[in-house]
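A, B and C label the chains in the order they appear, each numbered from 1.
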């Protein structure tokens, strides 16, 4: 079995001791804070069930809500655009920027923007792009992609960030502690906010009955990205709809506790159309780009429940695999358990068949998911698709085929075990096997207990319930 | 009250690798007042196929288990993940007849520790083990079957046994069935962290409820030269932890 | 077909013939009724207030150090200038503020007021439209006398909230969102970031200091 691109990336990630430190610091804190927030919210389990029901209701009536949202957003003066896929979405956004004669664009973190390749598209169009979320700013300076949906730069230690800032910030930060570095970024980005022509943000919720978009941030960069420029563009996936602001609030309680362990983020901002006559500030135009990119297909297949996802990141913070290999190893826009379900939708299973398999099925992700997405079941559904479409490698199919053949013939199976066990025992020394052909996956790093001389079934056949001795 | 008839589902790992766990389970069931039988027509629950996406392969094995066990009052096995797989059989069948037979079996299938505690209300008596131990929650038992308090409650009844809390006890050990050999590097990184936490407890023994996880942790601990000895919880409760631990020569 | 038609058709197809099972199609009234039902018994899915009375609960929330706000209770609008000056003095700030333009701030005697807020403004003052007891948030709605930047640009943001504008829960505020200002912002504490190693730093892009002036009468 040759190493796949995924196993290679995972290998590289595991070989990087810095990465593990960085992941542990951030996810460890996130896990502790989430546990405290959930502990202080006794209604959490009931709220989760309701959150899941709200999202299911929206998906079951998605066409209705999309049309309602469009009507209300237009009534508020926003332009609504629809994009079938990522290329179309990126094209619409760059066109709006060009029409506005934009030289400088500020962007407030949005994973959808990453999904549709917006950073690239803007760069290719020759438009200066400034990422204003601190983590995205770090990512931009490092020419990287996000490795987490809440903390995109979580793979970087403070030492890494200091190196980047000292090189790229003019003047450089006063010191390399987080506070000085944040202050430096504030100084640098402040000028950009005020001189941008277009501000682009994402949305956590699209409110159908008001036509507003809702974004949550802690830094305040969403307001600063979207208020001063002439044009404000929102890109959002079509699954982001909620019936009303009240429904958004119910989900907000789940989102923030699950993401950062807070009750609400510092800024929860609702945008509805452009500046009103007489308003003190605000953009002259507002555009909303509704992006499908595989979502309508999910409405109709076994991944429908994945459309509940509110992108809180809890599943990755609690994932043993993510915590070892980090986000980049997943190779897609979205990492961790939710990414392992979504990436095959977005990039195709052939590109990403490892992701649903590189999971121990321990279920901790779905235990913490605030909208009760059955992540294990969905990952298994990908495994079934992968098996059915013959993407599983030959030796595995053959091995499992043989095993299945024997396992369905109990007499043959018990006879086979009787023969195999003594052979396996030959590789043992003391009670352990340190090395055995075809078992390198295990024995390279772990000892294997030597099997029994006689199987339970064979002992029982001779001695009955009394047992041997 | 008539004694319940229990079909013991040995599990393929226990059958081949550590029959002693099968005997411990059998003894415990008898002590708790069950009539135990070991159907010959059992092999494997079908997890390797099911977890690899081979739904048809899993379905065929499911039929075999259903046929062999549906006549009993209960199916009981020493593994949360195998019983979890059996409980999920109904999702494998589109055929209504098989589906309802699968549901019937699913309802009466139990992992041994949950069964002893919740169904039989059994408590260990006169079991003694002078040792310190720590306990790892195997994921399937914990999250699919809700096995968490039961083993701890039962272990409390073992005289002389001192339990030490394990940091991250509910975090996966990195076994994951075929995962551990398909992605050995990731699996090893995970189990190494687990092993470090186990060693940090300073306990003599590591206990858990699933042989797959136990072999993974024991194998890593031994490779690293740790002295921790590993047993299935059922072995301790059956008073069989005075013999060789996993990987020790009998 | 336009992208819009394609997407809507694909969604409808997924809902009626998808393998996830056909979803029953309903009329808008039935959909609305179901949506409303999902908000029944809100107390089951939201936390209790920190205190019985919304104003007390709001004050208690603001006392949570994690929020990074300070709060001063002010007897009435007449007493506001003194409270403002006290805050500025406490932080060694000049008696100079960017003011939102709310007419109730016209009477800030002893303060040199100006508009609009400069990018490097030391301190600004606004009047919140509401406060929310559940979370200790204040809400501003963009308007001719409510510049959003006045709340975002300064290092110190002073915000006046009237006690009578304190709403118990986020849900109670939601009703007012229907008025659809261009921008409604719920602000909860000072700006901050945990983007470097999860380490909390105050004053990322927005104000590092938020001072709530809670006016009783």
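The definition used in the following text is that a residue touches a chain if its C-beta (ideal position, glycine included) is under 8 Å from a C-beta of that chain, and two chains touch if they have at least 3 such contacts.
The shown structure was predicted, so the numbers you read here are calculated from the model rather than taken from an experiment.
Taken as a graph of touching chains, this assembly forms an open line, each chain in contact only with its neighbours along the path. Across the assembly, the chain pair joined by the most C-beta contact pairs is A-C. Between chain A and chain C, the centres computed from C-alpha atoms are 28 Å apart. Chain A and chain B have Cα centroids separated by 32 Å. Averaged Cα coordinates give chain B a centre that lies 52 Å from the centre of chain C. Chain A meets chain B in the complex at residues 7, 10-11, 14, 320-321, 324-325, 357-364, 367, 380, 382-388, 392, 396, 400-401, 403-404, 406-408, 410, 413-414, 417, 420-421, 430-432, 439-442, 444-452, 454-457, 459-461, 465, 467. Contact residues of chain C toward chain A in the complex are 2-4, 6-8, 10-15, 17-20, 23, 26, 28, 31-32, 34-35, 38-39, 42-47, 66, 100-101, 116, 119-120, 134-135, 137, 142-153, 169-171, 173-175, 177-178, 180-199, 201, 203-207.
Of all residues in chain A, those touching chain C in their complex are 22, 25-26, 28-30, 40-43, 46-47, 50, 53-54, 57, 60-64, 66-67, 76, 81-84, 88, 132-135, 138, 151-154, 156-158, 161, 178-179, 181-183, 185-186, 189-191, 193-194, 207, 209-212, 218-221, 223-224, 226-228, 238, 243-250, 252-253, 260, 262-276, 278-282, 290, 292, 296-302, 304. Listed in rising order, the residues of chain B touching chain A in the complex are 10, 12, 14-20, 22-23, 26, 30, 36, 38, 40-44, 46, 48-55, 57, 60-61, 64, 139-140, 143-144, 170-172, 174-191, 215-216, 218-220, 222-223, 244, 246-250.
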